[in-house]
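Consider the two complexes below, in which chain A is the common component and chain B and chain C are the respective partners.
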Partner chain A sequence: MKILLMGHPNVGKSVFFNRLTGANVTESNYPGTTVDYTKGWMKIEGEDVEIVDVPGTFSLDPKDRAEEVAVSMLHESRDAKVIAVIDASKIERGLYLAMEIIEEGYPLVIALNMRDVAEDKNITIDADRLERILGIPVVSTVAIAGEGIKELVSRLKEAKPVNVDDIIANAANASDTESAADAGGAA
Partner chain B sequence: MKKKLSEMDYGEQGTVTEIEKDLQKRVAGMGIRVGKTLRMVTKQPIKGPFDVVVDEAETSLGLDMAGKITVEMTK
Partner chain C sequence: MKLNTGERWDLIDRISKETVTFGAYQHTLKDAIGELTVKPMTGIPVAIAVMYGFWSVFGSFAGFFTDGFFVRLFDVYWLPWLQEVFPGQGDWLYAIMVDAGGFESGEFVLSSNCLESFGVLTSGLFVAIGVVLPAIIIFYLMLALLEDIGYMPRLAVLLDTVLHRVGLHGYAIVPTILSLGCNVPGVTATRILETKKQRFIMMTLLAIFIPCGAQIGIMQDVVPGLMGWILLYLIIGYFIFGYILNKIVPGKAPEFLIDVPPYRRPMLSNIGKKVWGRIAGFFKVAIPFVLLGCAIVGVLYQLGVIRFLGDALAPVFVGWFGVPKETAGPLIAAFLRKDLAVAQLSAITMTPYQMITAVVLVSIYFPCVATFAMMLKEGWKELLGALAVLTVVVFTYGGLIHLIGILLGVA
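== the complex of A and B ==
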């Protein structure tokens, strides 16, 4: 199995990578470019899993060489699972990228990283609710402190491709129940 | 009143009304889309960059990009 760590630049992908993998790490250039990427191995439930630290990208619509590499690495690994690492304090942009990856049909797990930074900015995110809307695992993490990494790994097996229409329907339901709850609260 | 993002002054705020087509996808991943509220926080002279806050997160844009984004001023 192959797992790609994807996300914006500076969200902690490499911290995850270092937490997940051990000493057996190769750093190389993507063929024909000077864009570096690292890959390593870890064992999940006895199975050897390859982990790739993909260069950071803002979207799947590349603007520079590093982003081109990120996108082609994703497209070359059709059978891979993706961990979308999102900066919890900048969740909107992160979800944009995550949705693009979902649209392409990859099984995805979302790591809402830097929860501590988000909390410092008074941002709290209801990961359970996001999970119900998206239909994929959403785990709050603080990668530099190692928080949430085990849960993330244990939930990798729940990653599955989801249909965007389902997400839209779930989101509509979620806002309905929320407004119903608000109305109940007001009454 | 409408302005180009590149014409906004420090501290001004507005809602994005139009983004030139060739730029739409490039800035969408940075959180800038039609309907979003932007606030200018840093404006470097001559050629930018322009730092704007969108959804409590800062983003920098070059002069050419900022000139392709139209904003309806709110304050």
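== the complex of A and C ==
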């Protein structure tokens, strides 16, 4: 099995990579530290799994050489699962990239990383609800502190391709149930 | 099914409305510090203070270990001991490995320090371990600190306007600073720039004008009093030729957008890992090259090749650049390692201004072999272009520095 770590620049992909594989990829607190991919191995439930630390990219429409490396890595690995690492304090644009990858039919798990930064900014994310809408595992993490990594690994097997129509339907349902609840409360 | 951009954003909007709550934004101390270091009024003084701090710690740490410890160890114990026990004083192997010595009134005399001896086991080891190792340890330690705290992107924002003048943008400061450690990761880091034009300009400027940590370390040790001038000439060159390249290289230089990450407390383990990785790399790659460079130059001296080159190129060296013709030897060493070249320059008798010119020439005239290989990996067309620019730069800028010296009456 092959797993790609993908996400925007400076969301912590390399931190996940080092945590998962015990490797020594350079981590820094600025975007663009990883400009080429690095491969490593880990064991999940007895199976050897290849992990790839992919350079950060904002979308699947590359804007520089590092992003080109990222996108071609994804397209060359048709059978891979993807861990989409999202900066929890900037969730919308992280979801944009995640949606693009979902639309291309890759099985996906979302790591809502930097939960601590989001908390500092008073941003709360209902991860369970997000998980129900998207139909894929969503795990809150603070990768530099190692929080949530185990859960992420244990839920990798639940990653599956989802249909965008289902997500659209789920999103509509979610808002319906909420407005119904609101209406009920008002009455 | 695939969505178009608008549909995708609509869907994400709906999803985030359901799942994300934004509380009241509170201005934290972290935010306040973050802003102070980005706004020009306060940010520029902070940047100057950071750079100055970096420089002072670098100088005093490297000086403490090199002057306070290694110079004595190598010059007082190691060199005399090797001169004594290494067999065959005066023959070629002795000259290459230990001490090429010198002739005073026709008599062979041994060198008194490891910079003048030119031997693989003396000069080579002293430069690699005694001078460059302490310098790069402290350099990478502080670089890792600045990186992990999150200061670098703020510096990028501050320098954005200036760097636009040379066709780059603020983010060019990242490859530039990385190159101050070693040009090799600097060249790789040019990938974060968007257009071919920017990457070419950046790579060329790095290879020509940015001295690496090893070179700065040795300069700090052998020509501390001239450092300011040398660095000034390199910085001015970076901007002059960046400006010219921006005008003549076709292509676009787009605006820059950057996420300024929050400040973070650096993790000791990560810093340790990074610094250790660099030092391990230094032992594996740099030290063999320093020793090899020393050996090659030693052999070429013994064969008379360097004297021949020096004589043949004397009109260029003396006439055009205004440096002694003996500079030919160090310039050959500079192919392999710039630190070694500077060390060898320091053993040649010349005026301070000639020394400034010679060190600047060593810096700009050709990338070291490791950088060369890395540039080749990024594209041979860019490499050839960079070499063409480099040739022009060496002759015009080298001549200009000589001319300035003449006008100032110091050359």
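Just so we're on the same page, the second predicted complex is superposed on the first by the 174 of 187 C-alpha atoms of A that agree within 3 Å, B and C clash if a C-alpha of one lies under 4 Å from a C-alpha of the other, contacts with A are read in each partner's own complex, and residues count from 1 in each chain.
Criterion: a contact is a pair of C-beta atoms (placed from the backbone, for glycine too) under 8 Å apart; a residue touches a chain by one contact, two chains touch by 3 or more.
Computed from a predicted model, the values in this text were never measured in an experiment.
J.: Could you tell me if A:I168 is touching chain B, chain C, both of them or neither one (first, second, both, neither)?
T.: second
J.: Touching A:E92 in the superposition: chain B (first), chain C (second), both, neither?
T.: Both: A:E92 reaches chain B and chain C.
J.: After the superposition on A, what does A:L152 contact: first (chain B), second (chain C), both or neither?
T.: In the superposition, A:L152 contacts neither chain B nor chain C.
J.: Answer with first, second, both or neither: which of chain B and chain C does A:D120 touch in the superposed model?
T.: second
J.: Does the superposition put A:K63 against chain B (first), chain C (second), both, or neither?
T.: both
J.: In the superposed arrangement, does chain B or chain C reach more residues of chain A?
T.: Touching more residues of chain A than the other partner does is C.
J.: Based on the A-chain superposition described above, do chain B and chain C contact any of the same residues on chain A, and if so which?
T.: 63, 90, 92, 96, 121, 123
J.: What residues on chain C touch chain A, complex-wise?
T.: It comes out as residues 1-3, 8-9, 11-26, 28, 30, 144, 147-150, 152-153, 171, 174, 188-189, 191-194, 199, 258-259, 261-262, 264, 266-267, 270, 273-274, 277.
J.: Spell out the part of chain B that touches chain A in their complex, as residue ranges.
T.: Contacts found on chain B: 25-26, 28-31, 54-57.
J.: Taking the complex as given, what residues does chain A use to touch chain B?
T.: 57-59, 61, 63, 89-90, 92-93, 96-97, 121, 123
J.: Which stretch or stretches of chain A touch chain C in the complex?
T.: Result: residues 8-10, 24, 26-33, 35-36, 63-66, 69, 90-92, 95-96, 99-100, 103-104, 117, 120-127, 129-130, 133-134, 144, 163-165, 167-168, 171-172, 174-175, 178 of chain A touch chain C.
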